[in-house]
Structures are given as C-alpha cells and as structure tokens.
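For reference, chains read A, B, C and D in written order, and residue numbers begin at 1 within each chain.
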Amino acid sequence: MNNNLKKINVYAIYLGALILILPLIAFFINAFSFRWFYPQIIPKELSLQAWVRLKLIPKPGQRSIEGFLDLWTSNPAVIKALMNSLTIGILVTIVSIIIALPAARVLGLLNFRFKKLIIFIMVSPTILPPIAFVLGLNINFISLGFSGSFFGVCLVHLVPIMPYVVLTMTGIFANYNPDFEHQARTLGANKTRTFFLITLPAIAPGMVVAALFAFLVSWSQYLLTFLIGAGKVMTLPLLVFSTASSGNPALTAAISIIFIFPAILILFFTSKFVSGESGATSGFGKI
Amino acid sequence: MKLKIIIFTIISLLFSKLVTAETAPGFSSWDEVVKAADGGQVNVYMWGGSDAINGFVDDFYGVPLKEKYNITLNRVPLKGTVDAVNQVLSEKEAGVTGDGGSIDLIWINGENFWTLKQANLLYGPFAAGLPNSEFVAWDNPAVNLDFGRPVDGMESPWSSAQFHFMYDSARSNYDDMPRSYAELSDWISSNPGRFTYIRPGKGGFVGTRFVKQIFFELSGGQEQWVGPFNQDLYDKWAPKVWELLNSWENDLWRGGETYPKDNAEMHSLFANGEVDLDFTQSPRGAGPTNTAGTTPPTSRAFAFYENMIGDFNYWAIPYNAPNKAAALVYANLVLEPELQAAQVQPANGFCCGWGISTAKVTDAAGKAAIADAQNNLGDAAEDQNILAKALVSDIAAEYQDLIEADWEANVLLK
Amino acid sequence: MGGERLKIILSLTPPLLIIITLFFGGIFYGFLQSLGYQPAIGKYDINFSAYYNVMFSERYSKLFWTGLGLNLWVSFASTFLAAVFALFGALAIRKTFFAKTVCNFIYSLNLPMPHLVVAVGMIFVFSQSGLLARFASQLGLINSPGDFPVLVRDKYGFGIILAYIWKEAAFFFIILMSVLQSLGENFEELAQSLGANRWQRFRYVILPLVMPNLFSASIIVFAFSFGAYEVPALLGVIYPQMLPVMAFEFFLNPDLNARSEGMALSIIIALIVMILVVFYFWLTQAKIRKD
Amino acid sequence: MSDLKIIKLVKNFVGMDRPAVNNVNLKINSGELVAFLGPSGCGKTTILKMITGLFAPDNGDIVLDNKSLLPIPTEKRGVVMVFQNYLLFPYMNVNENVGFALKMKGIDKNVIEKKVREMLDLVKLPDIGFRRPKQLSGGQQQRVALARALIASPRLLLLDEPLSNLDAHLRDEMRDLIVTIQKELNVTTIFVTHDQEEAVLLADKIALIFDGELQNYTSPKNYYEQPKNIKAAKFFGGVNFIKSKKINNEFISDIGKINYVGENINDLNDEINITVRPENIKLSKTNDFDHNSFKGNIKSIIFSGTHTRYKIIINNLELECSLQSLGIKNINQGDEIFVHLPKDKIWGMND
C-alpha cells in the first residue's frame, strides 16, 4: 500500500476512536463538575457533589473511612440498585447456563427432526421486540403474584438471555469432539468425573463468554424490569432512566459511570475471546 | 435529639387519645398504627423527575422513618404519577386485594387522584386520623377540594406550589420581563427562538398549567372557570387559545417543531442558554434549581400579575397497599412543622411550599423553624406579594385531559 | 434409539418451556387483549376495533403512520450506516499499526455499553448545547446554541439513529473483525495477483466473503432497533413518535380501554418486524444464491 | 519471452533477528520450471510474494524482460500466484472462479465463457463448471485453481507448495499435469516446495534456500553428485561427511589418506569435507580395491526391502552404506570389513 494512504488511514482510525469515546469523556467531565453549562468546554467548577448526592461519597468533612462505611451501610438507593442488578444478573446467568447446557449439547452434536424449528423458536426472542410479549405477560404475572417480586424479574430476564446462551453454547458444541469423553470413559472415569475433567475444560472458554453476555443482557434490561418489577425491584437501568429524565446531568453521568463500569471490565477480559476465532461470535453469526 | 423524640411521642400519644374517633380504617388507635408499622418497609411511588425532591425525601423522611419508627423507605421514582395509577388499575384488573399490592403511597393530585377515588381504589378516609392533621387548613377550599373535587379525607396534603417563571439575571433584566400573556406574545416576537413551553401531556402538567392560564387571561379571569366542568365555556375559548399558540410558533425554539417533554428538559434548555425563560413551581423561585446546579446561579424568578395557578399536592394510599400502617406514619411525618419548614428552606432543595397552615402551629420549636424558613426566602424568589396577588386555584380535572388532547391535535399535529 | 430420543426431549424441554410459556404465551395473551378480550374487567367480546383505532381513527392515524415511517427510516438507516462504518473501521484497523490494540478496544467499547447510557451520551455530545456545539462555539462557528444543527431530539430521528450507530457499529465491528481474522489476507492477495484492483477486491472478494455474517448481524440489529423502547424514549420527540414508545404510552394510560390499543400496536410492531425480516431474508438469500 | 532476474533482493521483517531474504541473486530463463526449495520459514514464499508485489523488497530489484517489476502494482504485473490451499472463492461456482481474472479486466462475457471452457479442458475438468468449490475433491480444486491462474496468460506463474495438500496417488497425477501444461504453454514457472523429491522430479533447476540465503542454484542432478556445501548435501539425503586436510595436494582425514580427483580440486580450501552417497560406497570382506580402501567394523544392519543399509565405524568415523539386498554375501554385525570410496564418486566441499 501507498505509504501516504496508509498514514491517512491510521489517522482516520485515531479520529474515529476519538469520536467514539467523546460520550465517555462527557460522562466523566459531567460527573465531576458543577454547573457545567454551554458554552464552557472545561467546567469552571469541579465538584464531587453528584457523588455526594448519590450518597456514594460522604459530605466534605466526613470523608474518613468511618464516614464512607457509615454512608454505604445506610444502604443508599444506588448501592441498593447496584446490588439488585448484580444479584439478578448473576442468578439469571447461572440458571440460564445450567438450563442451556444440555439443550446446546443436543443441538450442537445431534441431528434430528424439527431441529431447525426448535432453533427458530429459541432465537425468536432476539427478533421479535420485547414490548410484544411483556405487555401481555404483565397482567398474568400480576395475578400470579410474580409482579413486583425478585423471582418474577429473574424469570422474565431469562427470555432475552436464553437465545444468546443456547446459541453461543450450541456453537461451542458444534466444534466439540465427544470422542474425548468416550476416551475418558474407557480409561475408567465415571460420568461426573468425565464432565468435570473433560467436558467442562473443553467448553469453559466459550461458556465464560456466553455467561458474560448473558449477564450483560440482564444488566442492561430496562423495559422488562420496569414492567414486571412494578417499581419494587429497583435496578441500575431504572435508576439511570429516571435520573436521565430528572434533568441533572452530573447525577446522570455519575450513575451512568457506575452502570457502565462492569460492562467495560467484561469487555476488557473477553476481548481476546471475542475478537478471535471463537465459538461465541460464530454463535452470534448463526442467528 | 432524645428530647425531641420524647416530646414527639408525648404529642402523638396525646393526639391518639384526642382523635380516637377519627383513626384510619382498620386501626383503633395511632399507637396501634405505629406498632404495626414497626420494622416494615414503605413503598413510596412518586414522580422522580426532580432530583432535588428525590434527595429531599431520602434525606428528610428516610432517616427519621428509620430512626424513629424503624421503617425502611423505598422511594420508587416514576416518569409520571399516572404510572402508579396504572399499576393500581392493573392490580385491580388482576384481582389483587387485601395487602397484596405493591404501592403504599402515591404522591398525587388532580386527575390521577380523581381516577383512583372514583374507582374506589383508595384506602381511607384516613387524613383526619393523622395526629398532624391538626395543622392542616381543612376548612380552606384550596385544601379540601383538589382540582375542584372533594378530597373527603382520601388523601393528605404534603405541600403547595404556584406556577411562575424564571429568567437569568446575567442575560435579561427583571424590568423587561413580561407580566401577562399579551406581553409575553410581544416578548416572543421580539426574541425569536428564545422561548418554548413544556408540552401539555404526560409528565408535562406544568405545560398544561401554562396553557390553562391562557384560557383565564383570554376569557377575562379565572372566576368563571371555578366549579364543575363546562364544555360550552371551553369550546368558546379553546379556538382562540390555539390561535394564539399557533401565532407564536415560528418564533418559538426550533420553530415550534418540538417542545420539551418536562420541566427537567426545560431547565436544561434554559441553563445551556438555548432559551431565555423557564418555568418554576416553587415559591422560592429559582432557589431550588440554583442550589442543585441545574440552572445558572444567577437565575431569578418573576410572575405575571394575574392568573398564576397554585395548588396543593397530597399523599394517597391505594386500597391494596401492603403496609398501610407505615403509609399512615409517613403521611403523618411529612406534616411535622419542622419538616414542613425544612421543605421550604431553599438550601434543602425541595421546590414546593407549605402543606400546613403555619398559623396553626403552636409549639416553640415548630414556630421558630417556620419563622426561620420564612425569613430565608433567598434572592432567587419573586416578591411574595406579587405571587399572592396573582394566585388562582386550579380547575376541574376534565379540562386537563381535554387541553392535552386538543393541544396535540390543534398545535402539535396541526 | 428410544433412549436417544428421550434424551433429546428432556434436554430441550426446559429452555423451550421458558420461551414458549413466557415469550409466546405473553404474545398470545397480548393478542387476546388486543382483540378486546379482557375478562378481568368483564369484557369477553372479540373484535378488531383496537387495530382499527390505532391505524385509522382520526385521533391516532396520523401518529401511527408518521410513527411507522419514522420507525422504518430509523431502523433501515441505522442498520445500514452502522454496518458501513463497522466495515470500513474493521478493514482499516485489521492491518497492524501503532496502538492497534487500544483502537481495537475502543472500537468494541460500545458493545457491552447499555443502550440507555449510549442515548444519554448522545445528548451530552450532540445536543444543541452539547460537547460538539461547545467546540463549535469556541471555534466561532456558531453564535448561540440555536445555530448548531438539531441532531438530538429532532423530528427526523437523527439522534436515535446516531445512538444506534454508536452502539451497533461495535457489534458489527466485532463480528467483522473475527471473520476477517479467520479469513486472513490470502483471498485478497490471490485476487490481486489475478489482476483485481483495490475496488474490485472489495467488491468481488471481501464483500461476498463477509456478507453472510454481515447479513445475520444486520437482521438482529434491524429487528432490535425496530422494537426497542429506551433509545427513542430518551432521544425522540413527541411527534413523530416511534411505534414502541407510542405503544408503551397507550399501555400506561389509566384508561383500561387504551390497553387494547397498546397491545394491538405492539402486535402490529411484532408483525411488521416479522414480515420485514422474512422479506429481507428472502431478498438476501436470493442475492447470495445468484452471486 | 519472459526472463526473470532477481537482483540482490533483501527483505526484513519487524521482530526477526535476521533478514527474511538476504541478498538473493537469481536468473530464470523463459519457459523454465524452477523450484524454490527449503525448509519452512526459509524465505521462499517471501520471495514469491515479492515477485507478485504483495511484499515490497527493502533492497534489490526484480526484473522481468529487462524491466523492473517494482513500480508496477500487483494486479498489473501479469504474475499470477496459486496459493497452497487453492483459495477458491467459496461464493462462486467453478466457471466464475476460473473467469475471475478476465472479469477483472472487464472482458466481454462471451469471450470469458469460451476461455473458461478452454481452460477447464486443459486441466481435464470439463462439465463441472456449475459446481461450487465445496463439491470438489482436493485434486479437482487444485486443477481449478491452476486453470484460474492460467486463464489470463500470465508472464510468470508462481505455485506455492502445489502438491503438499494432496494424497500420495494424486500427487503423481498432478505432477504430470503441471509439467505437461507448463511445457505446452511454455510459461515461465516458479514453484515453492519443502520436499526435495518433488523438486527433483519437477524442476529444471532448483534454488536451494536456507535462512533467507540462496545456497545453491543448479540442476537436480548436481545436488546429488556435486553439492555445494554440507547443508545442501544433507538436504538431499547426504549422510557421509569426512573432514579432510589438504596437504601438498593430498587429502588427509581421520580414516587415512584420500585419493581425490573431483573437477573442483583447484577451488578447494585447506580444510574441506568430503562426501559420498551411501549407494556409491562399496564393501568387501577382503581388501580387493586399488585405492581409497579403509578397514572398519559393521555397527548395524537395517534391511529395507530392495536395499540394505549398513553402518560402519572406521576409526571413530561412522559411514553409512546402502547396497542392493540381492546378492549380498554373508555380512554380519561386528564383522571386520573393507570400505571402498571410488575416487570419481566422492566430492569435496569447502563448507
């Protein structure tokens, strides 16, 4: 390639990267400033007020270890929502993996009648909008007493997560050779040991990616939690949404930073799985 | 602190004795209410569009609820109060009764209250059974009527508000501000692109109020609008109102192509210099938003000389509230004179006014707190006399629905 | 053989149960309600008046048809543009250069980012008083915020499209990177030695090679952007309004009769998505077969 | 006519401590079939890619018909490369694959169609034009790839490991096809391989490349009989190397004085290695040779069908000898034996 062209190319990439992280920069400035209005580019007043109002950092003068502990143990709304989001996300992820594992194995390794139909049914929640099922589900959940409960929210989160987990893991099993298991069995390993010593290590990398994606889908869920949680189950996205419409950019930015932190962390740890040639992305491609 | 608690318990004990006849349904005494509420959680569903109010509720109610009554406050922010109404309706539809619901309290007034009250979906009457009910001016029609409809003890007041405007003293002069809709029309045409109003509709009740006041001014006063809904009266004036609003259109922000959805969006436009006027509901004018940092510190308030709607807002308890005792404790707590004083203090960030009649407070601590609050209006407030003179009450709830639907058809979609 | 079959059935039942009862059950119940069948409030009649109301009544028809137009425009534009940006980004970035890993990370950064946050970010950056407007004002390009183009909360849905591009370009990018990496550069080198110039290599080699993956990814993105609520709720204007927002507003209306309309609208959205996806599938499959 | 000259070619890669290609000089005459032979990673494919223009050399020049190729972009060089794994475009059928180069030139459809048919006939694959690459066997894919490369009448044809992905029986067939077509079209061809047998069977000349450096460039026969150095000899199966010192035109080694008459005798340094192919060594129980006869012991015997290999220790030096199995007289492990290195079959090398 022509050298000048190559240079232009690289600069274009840098520019693209800069544009892509502009919102992130805006989040950080907003979260640590006060009255950052047009046309200031650099805020005149730097401040932790947003974090103080979210009760994540104590008021000035109380910023000792005890101050922080007192504040955090008083269970402020953000920490409560954070814990709810984490608990629901982890719970739903584990359950979905356990449920999807046998199904993915069957779908990935065996051929049978109606397999295409079954896969089609499984992926349909990724195509059809959530609003189409959750509005109808709402009334049923209320009369069953699931509405407003942790259980109900977890249950409804399974719907958008299931297709991703099943597909990703089907992709893994499609490239998996069950003869390894047969070999282990002939060498004297029982079923349980075979699973833990042979199957699990082989599918673990893909499973980790599936789990992280499942967690992220649950973590970002707004509409389903809002309707089924009936306000009783407060999660971070609900908090972000309501803060975003309450008109304080500093607060919105601060909560958003907390909200995106795990996402960035997950990307950081999975980037090598995801960008490489892995079952995870091929799973997405198969949808 | 301990002394306060003791005094408080004594007062509440006294009252529980005095008003036994009027305790809330299902409880024989206030003592029983407090006892039943102990250790529970109260689910408070309220419009969450102002982080100042959200913070105030968490700080000033959440802490004493926990410390004095061992009640955990679960504040649920809503995009609009109608979401909570809708939830109660859904629960009714699904046959959830007893204490199987999810909402203990709704911050409510006007049409939403009327919807629930008419459908028999509220618990009560309970308001008079609250010990602090003695501070409420129940004889005042502005309190015992909500948008012209009888309250009947099915909701208990929290605070009051009055519509007026904000400007930025760094950008404009107080003397140049319009003082009526006629003057506002002129102001808009000489400042093109610098004004907008909140869309009347869900979450935009302040905008509806802005439009309602035009009806009052064009028709020559608010008096004829008081009382039951009058379709003929509305039909007579509505076309003229739409005509006026449409005549502004080209000189509005973005040429009237779109409007801010709620006060938060309006504040942001104002703070960033996209428009020059903003709305406020607070007797303290620009004080609350200045403190919160959502408007520039140089923001100030002004009011028209007439037709500025003011009203009370309330707490209501749904028929299937899971913890009615805690809801009662909460509704009572917010009427504490000292907390009422706190909600008026500009520094605390709450944007509304008194829910009680300050004259009825007799104890020294309460009186001192009230006096302090009244002397501490801040320089961001409009002259209280101008506000008082311009004050008119809100009108029948049917108008609100009609104005919102017709505005959409005649102004937005025209 | 019987054991095998039992194993298949047992393994597939739990996830199918979840999807069928919760997902299809929800849609079915929503459909019933859209027909006006609401036993809870004593309505047992079945009719299509809610559908008629939403699409043709004087009150809602204008909102519905403009909303449908906006929906189609936003979904097509954002899917197409996100794919194009991701494709050029991936093609440029796959060659080694300084800070490649960092750039790779940044380009994938929006994948795990929740839509809500991306939407808020768009307001911060693109609104008339946002970061870009401030830069423009410092550079003397604009005098007041009103001079900055309306990119967020605008009636053409630019803000919504921007948010979707931001978010979904990362999704396309990661998929494309993984495809391009597994393909290597040999096909292009071969084509070059057979006489294909830069454009021909893109048109006849890269594009057909990544097309199947690009195609499946774009179905997901299209369907998602057609039916999602959060982004248009935060970045949309009150008129025209995207259909999911409109449906949700119906549902939140305290008048229980409006619920049928909300359900009807959400069923209409689902139907349109399904028809478009099938059509798109048919179109691209036919194209791929022809190529 | 397409004479190719490679002049002082150098290529460095970041992260490699030696040049990938170091100062390679080479001349290929029009119509020749030349093999680049060497172990993997020796730089042979890099040279190929520099000839196609996919890599730019750091130094040196590549000249085709007295004109430098370097300023010409790949797609205009008329140099076509066939990749090791064929790389048939999976989304095109056979006809479209073969016609690709002509389509790139914007040639009329009917002309392309006719040319494609000709090419498929040439590689003996008529009637499969509408199949997809997936439906072809490995050998068929290789032939389609060849047809696709030849359709534009390249000035130079480059084949990267053309036979390595094929089964043994297909290789012979394919080898014959390549030679036949190459001679028929008289196209100058370079192919890369790591298999010396393949190189010997196919090529007119072999360029032996180690570590980016050209070791030797000559006919296959010479590699066996007159290798340039130990490395080259070893690559072609040489196992016997005898260190010798040249003293007064005599060669003295550990096993004794060696009588040498090789044609390069005057070019040899003072210290050399003498090599002899195992099949050229003669054995006898009695000393009945007139020169270069040494006494040793049989260390091991390996029977391998038509031939039997013997390892013999002479004065701490091990030599390997391969004799036809038929007619061997009673030689056993440990036996004392006389070894004969015929003076016209031994070859001296400087390094």
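Quick notes
FYI, a residue touches a chain if its C-beta (ideal position, glycine included) is under 8 Å from a C-beta of that chain, and two chains touch if they have at least 3 such contacts.
Every value quoted in this text rests on a predicted model; they were computed, and no experiment measured them.
Following the contact convention of this document, C is the list of chains adjacent to both chain B and chain D. No other pair of chains has as many C-beta pairs in contact as A-C. When chain centres are set by their Cα atoms, the one at the greatest distance from chain B is D. Chain A and chain D, compared by their mean Cα positions, are separated by 56 Å. Remark: chain A and chain B have CA centroids separated by 38 Å (rounded to whole angstrom). Between chain B and chain C, the centres computed from C-alpha atoms are 38 Å apart. Shown for chain C are the residues that touch two or more other chains, namely 40, 129, 145, 251.
Contacts with at least two other chains are made by residues 37-39, 139, 143, 241, 245, 249 of chain A. Applying the touch definition to every pair of chains gives A-B, A-C, B-C, C-D. Against chain B, the residues of chain A that register as touching in their complex are 34-35, 37-39, 49, 53, 55, 76-77, 138-139, 142-143, 145, 147-148, 230-232, 234, 238-239, 241-243, 245-251. Interface residues of chain C, counted against chain A in their complex, comprise 4-5, 7-8, 10-12, 14-16, 18-20, 22-33, 40, 89, 92-93, 95, 97-99, 102-125, 129-135, 137-138, 145, 166, 174-175, 177-179, 181-182, 212-213, 216-217, 219-220, 223-224, 226-230, 233-234, 244, 247-248, 251, 262-263, 266-267, 269-270, 273-274, 277. The touching residues of chain B, counted against chain C in their complex, run 80, 82-83, 85-86, 89, 93-95, 112, 115, 193, 199, 201-202, 253-254, 257-259, 261, 268-269, 272-274, 405, 408-409, 412-413. Those residues of chain A lying in contact with chain C across their complex are 6, 9-10, 12-14, 16-17, 20-27, 30, 37-41, 99-100, 102-103, 105-107, 110, 112, 118, 121-122, 124-137, 139-140, 143, 155-156, 158-159, 162-163, 166, 216, 219-220, 222-223, 237, 240-241, 244-245, 249, 252-253, 256, 259-260, 263-264, 266-268, 271, 274-278, 281-282, 284-287.
Remark: chain C residues 38, 40-41, 59, 62-63, 127-129, 144-146, 150, 153-155, 237-239, 249, 251-254, 256 touch chain B in the complex.
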